[in-house]
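Here you go, one structure.
Labels run A, B, C and D following the written order; every chain starts at residue 1.
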Amino acid sequence: MARAPSRIDTARPHIPDQVTSLDDVRHYSHVHRISGLADGVFSIAMTLLVLELVVPGHGSDAELLAKLDDLYPKFLVYAMSFVILGAYWVGHAIQFHYVIRADRPLMVRTVMFLMLVSLVPFSTAFLGDNPTSRVTIGFYALNLALCGMLMHGMLLYATKDPLMLNDVFDKRIFRGVRIAYVLGPALYVVAFLVALVSPLAGFVICIAVPLLTFFPNPFWGKIYSRFTRRGLPDDPADKP
Amino acid sequence: MARAPSRIDTARPHIPDQVTSLDDVRHYSHVHRISGLADGVFSIAMTLLVLELVVPGHGSDAELLAKLDDLYPKFLVYAMSFVILGAYWVGHAIQFHYVIRADRPLMVRTVMFLMLVSLVPFSTAFLGDNPTSRVTIGFYALNLALCGMLMHGMLLYATKDPLMLNDVFDKRIFRGVRIAYVLGPALYVVAFLVALVSPLAGFVICIAVPLLTFFPNPFWGKIYSRFTRRGLPDDPADKP
Amino acid sequence: MARAPSRIDTARPHIPDQVTSLDDVRHYSHVHRISGLADGVFSIAMTLLVLELVVPGHGSDAELLAKLDDLYPKFLVYAMSFVILGAYWVGHAIQFHYVIRADRPLMVRTVMFLMLVSLVPFSTAFLGDNPTSRVTIGFYALNLALCGMLMHGMLLYATKDPLMLNDVFDKRIFRGVRIAYVLGPALYVVAFLVALVSPLAGFVICIAVPLLTFFPNPFWGKIYSRFTRRGLPDDPADKP
Amino acid sequence: MARAPSRIDTARPHIPDQVTSLDDVRHYSHVHRISGLADGVFSIAMTLLVLELVVPGHGSDAELLAKLDDLYPKFLVYAMSFVILGAYWVGHAIQFHYVIRADRPLMVRTVMFLMLVSLVPFSTAFLGDNPTSRVTIGFYALNLALCGMLMHGMLLYATKDPLMLNDVFDKRIFRGVRIAYVLGPALYVVAFLVALVSPLAGFVICIAVPLLTFFPNPFWGKIYSRFTRRGLPDDPADKP
């Protein structure tokens, strides 16, 4: 069964023939270096906050429970950071399933993206300490919005060059992933604007966004399943 | 020699033909990103406790020996963490030898699993400081039981989709690995119940479980060798 | 279309025939271990300075803004380290796109290179604290110049043995990369000499070098694009 | 040209035919998980000591030079750790160039090896603080001797199972690598015995061993080049 032609497909009518030519891949690195650096930075950023969990030391059962209780906010911030960074890691892993070659500018974008990623534990702890401050909500929203925008930037950059793309990547996936990338930063802007009126409501939105997009749920699942699961629905827009 | 049909085999009568179709693997990432993140988190969690080993500084031979002696409990906790995390790392590496493709929900499960894994050094140090407290035994047992349950959850999720599985994975391996995954958390529940009566006995069980499953020994070897070494015994249950 | 013969090409007239022989690759490791170690060291060195960003704790909006303002120099050093290390990481990734096999001496050079790389956060913070001191500019310039020289040394070592090289690597790429490697350390020597007269001017050069080579810009892009982008210009020097 | 038969070759007369059978590799993981964990642990252990290099802060040029001078011993310990760990990393990378599949017991050995590897920064700093103490020399020598013995143990274990080995691995390489593994621990035992008489002489041997085996030099090069460089000398012992 022939695949429906799409804007991306028509932009690379010469694939996969030319990909096999060594000359074409001369200036592309395989993305495994990007994966290696990203997995390293993500794993360090994720586990960094464990260092804040100071082991309570000796004590009676009641004292130890009280000390665990004191650590409760730090446990929460730890779990939140893990989930948020996990959401971006999953997004990154999926994007680089479709992007299989990299040039220098894409690596530069990766480094800038990872710089913002490793700030997430700081932003999260900052927000966790001051859940109703416009400063912390603004900082947190800005950090995560920039992460999303740089992910979007990497996707737009890579999809301009068909030689960088996995042959299975097509227009519908592209559209679906872009919607997710545009939606994220937009929701953080909303969170910040809401926080100007009601800091608590802004905080709730900030927390809800990564939770909704990370854990499988009917709302997000419906949007997401359209483009990342088997059994893609027939999309009229793809018809010639 | 044809392989005996098993429940898993019959669930994927179309393999390996369809696996070679790009369309089928469109929405699966290769698991090397999961491996990359897991290896990063495991290696950080393993080496994190070295930071607690403060170098004793200058002194006479007798003073240095005394200082090393003071560090003894920390050395023990360090070694215990390494062994426990090592046991889970080995389990993870073996599971993802059989699971060769990943979708989004499997990546989400991976992140949640790693969140619990990087808590292990905390739980271990907490237990090491208070070996006879029901609080620490409960916390430790809960942490490791959840790790085991999430490993089990990942296996059950992945084995539902034949396209995620290495073709060499079969029913006997599945059954064997599951027994290990069910046994671990069960033993931690036992440890906690025993600790309510005798904290010391509970502590001993907590320590014994990872040691018994990590280091080769006749007891565990007998159970384990049935499904992970060459020369699989002919299993009557596999016969048609 | 036959590739123009170059000095490197003529030095390996027997490739790719012999590469397929197992005997020839007997004593070469694949470079993925070098990539793995380098990605690990780079990601740790990059994120290490986040630990210096102490979360400000509770406070009013005005207090939090003031505290963020206090952290401003640390944010700057953090970003600078990330960019500088990112520039070297990109260089390393590109070099090891062309170097595909490694022997023991190349691994030793890699370790020495990484030792200097993981000193970069220290040098950068040292310079950030004392932007007009000849000591810090000298230390920083020496550190980065040595990094560049070791990168150069690895390239020269690897290109002597055709069996270590990706077949797509040719004379023009070699010349282009070398220019970059010679230019970097040279500029740091200039920065140090300028600093003896005007410390501020030396500081500006120190900061400008990684920024100019990392972010795409017309000046550097013109030099760089000659050898790392598709559509290599016909180089008269390559003509026989 | 047929390869000379060796003890290892004759132990696997059925290779490579059976390797291509999926059934044979059913219970072997690819070693890339071992590489991933090892590269992670090595890179963390290597860069951990940078955290001890406290940035000196503000000051005049003379003050900064004095502060750098105070940091001198820490720089030395940092460089020493890097070189020692680098030597073991190179050894590990080379061993796992020849060992291409792993079973559970080999992974367990890897974890135990890495536990000792991540203690090396502690042992080195301990020795650096007390260069003439029998306690520190004993601790350091014991740590590195155990690392070497576990490397040896992994090699002996892996070479017993031909299915784990790269086909290019032969008897001469095996003998050469073993000599290095036996020599290392033996020299550390000598260092410790010498230290009982002359602590300073013991310290010098401790420092010299990794330096001699890491950096290319005529003494070690002569021994090493016999088995790891191209142009293997014809070895009469290999003749049938």
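The rule is simple: a residue touches a chain if its C-beta (ideal position, glycine included) is under 8 Å from a C-beta of that chain, and two chains touch if they have at least 3 such contacts.
Since we're looking at a predicted model, the values are computed, not measured.
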Furthest chain, CA centroid comparison against chain D: A
Superposition rotation for chain A onto chain C, Cα-based, multiple of 5°: 90
Chain copies touching (chain B, chain D) - same or different residues, decided at half shared: different
Centroid distance [mean C-alpha coordinates] between chain D and chain C, Å: 27
Centre-to-centre distance between chain D and chain A (centres being mean Cα positions), rounded to whole Å: 38
Multi-partner residues of chain C (each touching 2 or more other chains): 32, 36, 39-40, 43-44, 51
Chain C to chain A touching residues, read off their complex: 32, 35-36, 39-40, 42-44, 46-47, 50-51, 53, 55-61, 64-65, 68, 78-79, 82-83, 86, 89-90, 93-94, 96-97, 167-168, 173, 214-216, 224, 228-230
Residues of chain D touching chain B in the complex: 22-30, 32-34, 36-37, 39-41, 44-45, 48, 51, 103-105, 107-108, 111-112, 114-115, 118-119, 121-122, 125-126, 129-130, 133-136, 139
